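Labels run A, B, C and D following the written order; every chain starts at residue 1.
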């Protein structure tokens, strides 16, 4: 059997990562690849690491036959996604990797993204794509909204703790260290090797990063009250990886137990023994997320640390995991690749 | 169905890379893992990136039941390999990743490795493991000697040219740029991040690198006369990758044609269109080797550049490819993982 | 005129950094260099980047004529320092770069360093070497104890805030990102390029890092009450730099004003305009520390970020700044080197 | 006393490097800084690592008072330089860091740069800025043309050998490894951290790199006959450094002697003992060039390796060294900064 998929926005890193993962997926075939400015080029010219694959050339979206595929991955820039997805045939399932359908509240969307949503009806049907927590709904969904990569990392560390009521909801700080591929293939001075290598720094500090919209939405939903975290992302001289250091007030053993229990049956979420700490080197290129807990010397405080690969578990791996569910394929298909170390 | 294997010397990078590749191999099961100093530890403690796998704990070699497996990967240090392999049950197939069985000539072995060979009879039965050129013999072999990673890279660039007689055999220079994982997990000052990052340099210059023994043996064998190349390896601040820039005298179009023709049907060897040049970023974590050819402005000269991942195609991927052949499995099984970029 | 100095423990990174800085210092001459295991070697053999300098060969400490120099920099390992310094001629001034004399309280020393102090009398005379806050005492001191590099970074961010009473003393979190040269030239697996590049992680989490001893001592002293911070250091794939992200409760404008006012006349401490954030790329190789403040979206919370070079302002640059004061030389002599970017 | 200078094109890496070096120069004062698109901004906003310096704001060139300075450093893009320099007051000395005045032959200029020279008269008066070989002429010059950074590295390795007649002039190969800052602050995909880190490759292969124009000009001039070398540059994941591995035919001892003799009195050119090899880590941030020679196992062949920092000795350090000569200041003023390691 098998299913056919197309990838819109295939010339970015998340598009390339989808192709990489699907390359050894047992049941998916790539039928179409779009990239506006690079239409007409072979994928192997834009991403020579994929040259061994037999892939369709890049095309403009309007030249793809999207009605004939089972599912579309939409890796387009924020805001572009909405207008494209609302015109897709309604029998085609969609996994969106942009930020366009992550926030259910239209006002929150406008606050964080600076303009009104252009497909509000569609947004109400979208399921938030954090697989482990929306599994049943995702399996039934037509449209799944991939989460922010930082947002995913912080939620893996915190959701079970909020759910279990083992931490103080007013005292949560997420200090996050993100590798540079999360910024995409954009041409900015601070993403140049000569600037970033040996240079690291905080950005979007003070509560201005858009992924806070997701934290606010999800954590408040779980808690049944408003929960607002403090969040400082940092850009680190590495290509892949997110490490979230989460400061909480609560009993470390209860915290560890809540995580271990919540993720006991999860194939990709690995809770380390109490006191062991994850490293980005141990999840690189994979769909795994490692989580560690340590008690602080200050009574009643603990640190939870989560590590995942922003391009895999943080975006394209998550997207594929969701697509598997939506298509009725085994959830882990194509995703059991072991991390690449060193 | 399926076959069982054990890995000796599993606490080094090539051992870990074997486990990574076998993790998604459809027909191999790991029965035993050895590591002398780390015996008793779970593999996931030594290599936390493998913690999601259900693997046997590390043991001392003498505690493994090696008679019950179909094939042993031997990733032990040079010189140790010979004494271990000569004591393995003769019905067990062996892929050796050390340098111990690469050189057929006992005198050459002693010259390059500084002491007499301790298993000379066994050495005569070993097949040199450059898969694409010894495929039939490897399929019949009991013992296959994995090649040096630098030696493999240079040979992929040069063998078809020597075979086709399109280059001057007395004017071959290999300038090679190797990433640091090729040096293994050894604790040396020049392998520290603080020393290597931002610092690159030549080593073993002047014709003293041991992989020259392999070049001499193989190139002379193909040419039917003595061929000695000039070879300077450099250590580059990167984790994975080898880029060999090979300077030859000959006609670039004939050189390109010789490579393209020789590798036309090869699943892992990709000859780029004339004038295109490979990069290590495009083969990272994969079993692919990219090859490019460019004519020089000086008439009658050309540059051939080959890029591969030292841990995959340069050692553990090659070892698995050979094991597949030896066990009668499809040659590419477990090896079609797409490169990891970025 | 001019003064003569010797450096004990010159084969480590801090020793080499001292030589680098003194190389263009107008008034200091290096008379002796010690390195136990490398005694007899020229400094240029151990550190080829210093080969252009006319330096004495490395010797064993006992072979140096320490009575004839004006000042000794002691860059020996922790615990070794105490026994060496107590035997130095009393007319020789000493700047110690180890942890041996940082903690005034003998019990605290034993708690953090695991054994009793062997030179308790001497310890009582040592001045804590955070120049800007102990300037007058340092100028009069015979023995100055260089601070921990992490400890210096955190203190630059926090001391004026505690002094000014503008933050909640019970809610201070320091999330610190340290480059690898801070770990010294020690041969450990996690410091290898192949492990650290692309791999970052927390260490000594939960309040176990020894620099907490310094935070506790100094912050409590300023506050006149016990102050205990939460502190998580991370190891980042970079060679030089420390970035401390400090979470505090207080009014951002008061916090910024307190820093700006405290450091107004300081040559090396640069407070950025409100909302601007420092990066390690902008202080590399220099004695400068950049500090930024940003208000959080959560009322009453702010983030203070400090960046400095661990080898310069964090250790050897600080040591030279203190030596200048102790010898009556201009405080900035030899230290106005601009940061190296890119 | 002292002299005043202006820097045109101060928003690029070479402009910033000039400011860094002049920051501790005893006799130069920066009077003006130009940057077209960033005119009006403080230098510390464009390069925050220079924020501690008291510098003029960036201005448009036409707004600078260039008649009142002693010397202008022109760090403008290629082709722009010529039109600007021909309009400078004739009493102002000029050090040009672009490629505009490097090639004396107008036809060669047009060949390598693709258009006719727009200031041919001026070009005839320019002195080629490889200090050690044009020292007397530079001291008398009004206009000095800074060399290409790759061109400088190759020439330091080869000029004395050609001069001394100890190598075969028809068999010279330069395999060069360049760090990324040599490409400037330009926004190109292959200069992004995510692409370059862990990815290295050849570029401008086959004899198409423009610095070949300089090699051809200078080597032919020394030899008194046409000399054409083979040259392959590679882009390496590092910020600073050039390592040139030069393959020559000749006697290694004669080669070493020729270099050692030629550079015996040079303050910045360090010839290592026979067999020792340089590393970019040992010249970072400095004006030094390290050179090593090793004999090959193949009789009559040798390898010469030269390492320097592309931004310092390869461009801005060289420019300052030349400016010192032109102004009658000590040649090494401001340039004795020790390399930054690690």
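Operating definition for what follows: a residue touches a chain if its C-beta (ideal position, glycine included) is under 8 Å from a C-beta of that chain, and two chains touch if they have at least 3 such contacts.
In this text, all values refer to a predicted model and were calculated from it rather than measured experimentally.
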Open item on the list: So if I look at the partners of subunit C and the partners of subunit D, which chains show up in both lists?
Closed with: A, B
TODO: Have a look at A-B versus B-D and report the one with more C-beta pairs in contact.
DONE: B-D
Task: From subunit D, the most remote chain by mean C-alpha position - done: A
Task: Distance between the centres, which are taken as Cα means, of subunit D and subunit A, whole angstrom - done: 45
Open item on the list: Suppose each chain is reduced to the average of its Cα coordinates; what separation in Å results between subunit B and subunit D?
Closed with: 39
TODO: Please work out the Cα centroid separation of subunit A and subunit B, and write it as a whole number of Å.
DONE: 36
Task: Touching two or more other chains - residue numbers and ranges from subunit C - done: 13, 181, 194-198, 237-240, 278-279, 281-282, 284, 341-342
Open item on the list: Under the definition above, what is the set of subunit B residues touching subunit C in their complex?
Closed with: 13, 180-181, 183, 185, 187-189, 191-198, 237-239
Task: Complex contacts: residues of subunit B adjacent to subunit A - done: 13, 16, 19-20, 23-24, 47-53, 181, 197-198, 239-240, 267-268, 270, 272, 278-279, 281-286, 288, 290, 311, 336-342
Task: Partner subunit A, residues of subunit C touching it in the complex - done: 173, 175, 177, 179, 194-203, 205-208, 212, 228, 230, 232, 234, 236-241, 243, 245, 247, 275, 277-282, 284, 294-298, 301, 303, 305, 307, 341-342
